[in-house]
């Protein structure tokens, strides 16, 4: 009996030592946007991957509140219990002072779809600018044929979304035949409902069939709201695009309604990058600091089968 | 001058509403001043009106409920989760209401039994409810596998008229009647007017406070479920967007009453002002920051005008 | 002479509250100030402390005329007052409270807490005051708070300390401690103006006494040269009310309250009984617990002990709701605070106690309600623009009539009236008296509380004395004199 116990122990220890660099490490996943589907997906991927490798994961969510997020980062930095911080979907420049505390305490800070500031280790992200380019070009060239009118639904305080908006701003300059009707900010608490209301009102203000060619949404939720408003108003001619590739949006693309396209961010890929780089760091290997991109793909009716769950 | 004051006092807020409508009608005659747009507006404000009636009830007893936003979010989340789990749809809309009545009763009980400021009590409750939502959903929006029928309440139209607008009208008529013509409403106003006098008049103040808080939570919960039904998914923070604007609506509504007390019709007017502003300014394709500035300024001006009238 | 007033007068609404007062007070003396309710004692204190500005006359401080028109100036001059309602900040500790209104000592830009503590405890020990300065005012007992206020006054280098009924909330033992401190203050040369209803304290503590009556100063006298009876005689007009003409003898017992104690300790042991057809006067001086006793009986103020029997049935846990059902009605002294709801209409106020009688299935039947209110308004001849008028817009007398209307709606058999004619005009006062007598003749029982002895003697069949939370003698109002009533009060 004793012998068996020893054998088991030895086997266990070998197993553990194989991934010793992660075992027992305390990792804090911090985000203000856990309510958002995509952020939530990322947090889940990260949590599963890290826990599978033996790390102890704490998820901290501050419900859209950046100042609270700042305080919680301070708490984590001061407590000294944490081995790594992962900021998920949160602009690090908004909490730069608090992150400095973490840097000073020697805690590596990773970003997952966040942004990069000096002092951080790695931010894994889609290249939001490139995603913006991808969908805007597809919308302007393939869907609109280079002319018409467009409404933009945006949320510029978000670090990823704002880059898509910048891409939009720059590309539209090259299309003199495409006119921006208006840009409307969509709050983050209930983006579907608010976008629906905004679009309903804009449809009444532009009631003529054909007066709106397309609605460009900077992420999927307002695109969903816009599509619902169009469906209810019977304005099937208007084209909508989103970005992110969340499931509700993907299923709408599959229905072949107003929502024509979105971009799939590779969230799983981002999470994998963060975990991989973190593992290297704990293992003592050199890693290259900065942004690392997980490639994104365009979702349209043609390739929809690959994305339906 | 005196006459002007009297007019302002009695009808200032209504006049403001009419003026807003006139201005938008001149600027956008073809799109704003249409039956279709007014139906549209009625649907857009319907959710805010229902939750604001709840706030009106609590304010009529001179208390505050800061948990209405998270109560609404919770209502939507529970209801959507039940729908996902395959519970019959009628139960999906009834069970959350029962839960909300209990939560509201607890709010009222703490306030009345321990004389804790309602501000603090409901602030605590708001945080508790956010925690419960987080526990139930892990923070994620509930949207997968919601049955198609779940969206019926939020999207059905009777001819041209959205069901949501009809529900709003029913609630307005019902609670306006309750507040003005029933023993319950009269006692709530008595408590709000002077709690000590109410006690001496033999009114069981704690009991009526419980009722006010319970009804408020119920209306918040109904709002949350209707949001979820309308958008076909339950966002964990869906109700928070209504929290401040509903109190703004109640405050504007107080100015409609000669006595300066919260009242259901006033609240409807308040919601209409806010809703019409959003609608009209979006139609003018005004940037969002300008909408915020104008809406905020109009809230302040409405209250100032009424104060001038009262002096 | 430390303080002197010359021909001081003060009017309110054309009525003299103080008239031609020539008051004086020496350094280092304890000076008693006595008089009935409304004699002008409070007005004098408020003038001395700068709350009121006198209409005529002047104030001399150490022989120099001073303009004393705001409380801060008065404090700087050296006059401090300790009220029944204390003026400490509940959440501050002893040291900070003692420094209220004084500049804080600083060292290098920071508050020097050590120095503050040193100075406060030095002052306290100088007068033999032993309190824990680390406690907040809220944590202190009433006598500790009084001591702290004295320390605070002495920090201001106060040379005249006014004590206004300082023993009202103290037990006998605690009072003794206070008297010790007063003696020590006197030895150190501080003058004290001691205001009280309690005769034994006057004779124990004071050197001289000033007697006020109806806003005038009657006499100043050496304490040693007078006695209790002659003092009371000088304070009060002596008169006998006309005997009340009763239509019938008092009937059966309607309400009996025995050994009532309130939880807040204000009512200590009170008994009374009221019979059908009688008006029972309840008379006591300020702070005697008369209002509180009525509130206990009505179930509004929590009780610590005692029994209430209504129509031979003992009622445990009385609540206002039960009280109304049992036929009790309470007319509150604090009309705006407890009697009516200012921003609601006359109709909504009058119907408040009996809404259930005018509703079915929770829905108010408004026609019935309006008729009933109109009838009651007419019966009491309340003057108003309409029953939808906000009640706050009525005159004081009409507001009070509306309060009566509200209570009459439930057809009560026992009326608990607390200062029912306060702030009403003479005509309304007579109407209220007549109304109460009519109700009594119909077989109701009425308890009538007033701080105006004359009024009580005008209307009551019998008078129950209450003092310091305890009820005392029951006097037949049949040829008794006001002096007899008052000496009962002072004897307790």
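Which chain is which? They are A, B and C, in the order written, and residues in each are numbered from 1.
Basically, contacts are C-beta pairs under 8 Å (C-beta built on N, C-alpha and C of every residue); 3 or more make two chains touch, one makes a residue touch a chain.
Bear in mind the structure is a predicted one, so any value in this text is a computation, not a measurement.
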**Fill in**
Per contact tally, chains sharing the most pairs are A-B
**Complete:** By Cα centroid distance, the chain farthest from chain B is C
**Message:** Just to be sure I understand: the centre of a chain is the mean of its C-alpha atoms, right? Then which chain's centre is nearest the mean of all of them?
**Reply:** B
**Complete:** Taking each chain's mean CA coordinate, chain A and chain B are separated, in whole Å, by 33
**Item:** Distance between chain centroids, defined by C-alpha means - chain B, chain C (Å)
**Value:** 46
**Prompt:** Roughly how far is chain A from chain C, going centre to centre by Cα mean, in whole Å?
**Reply:** 70
**Request:** Show which residues of chain B lie in contact with chain A when the two form their complex.
**Result:** 28, 30-32, 34, 36-37, 40, 44, 130, 134, 138-141, 143-144, 155, 227, 230-233, 235-238, 240-241, 278-279, 282-285, 287-289
**Prompt:** What residues of chain C sit close enough to touch chain B in their complex?
**Reply:** 298, 300, 319-321, 323-325, 330, 332, 337-345, 348, 351-353, 355-356, 359, 362-364, 366, 390, 406
**Item:** chain B contact footprint on chain A (complex, rising order)
**Value:** 34-37, 40, 43-44, 61, 63-64, 181-185, 187-194, 196-198, 200-202, 204-207, 224-225, 228, 232, 247-248
**Message:** Help me check something: in the complex, which residues belonging to chain B touch chain C?
**Reply:** 181-184, 186-187, 189-190, 193-194, 196-204, 259-261
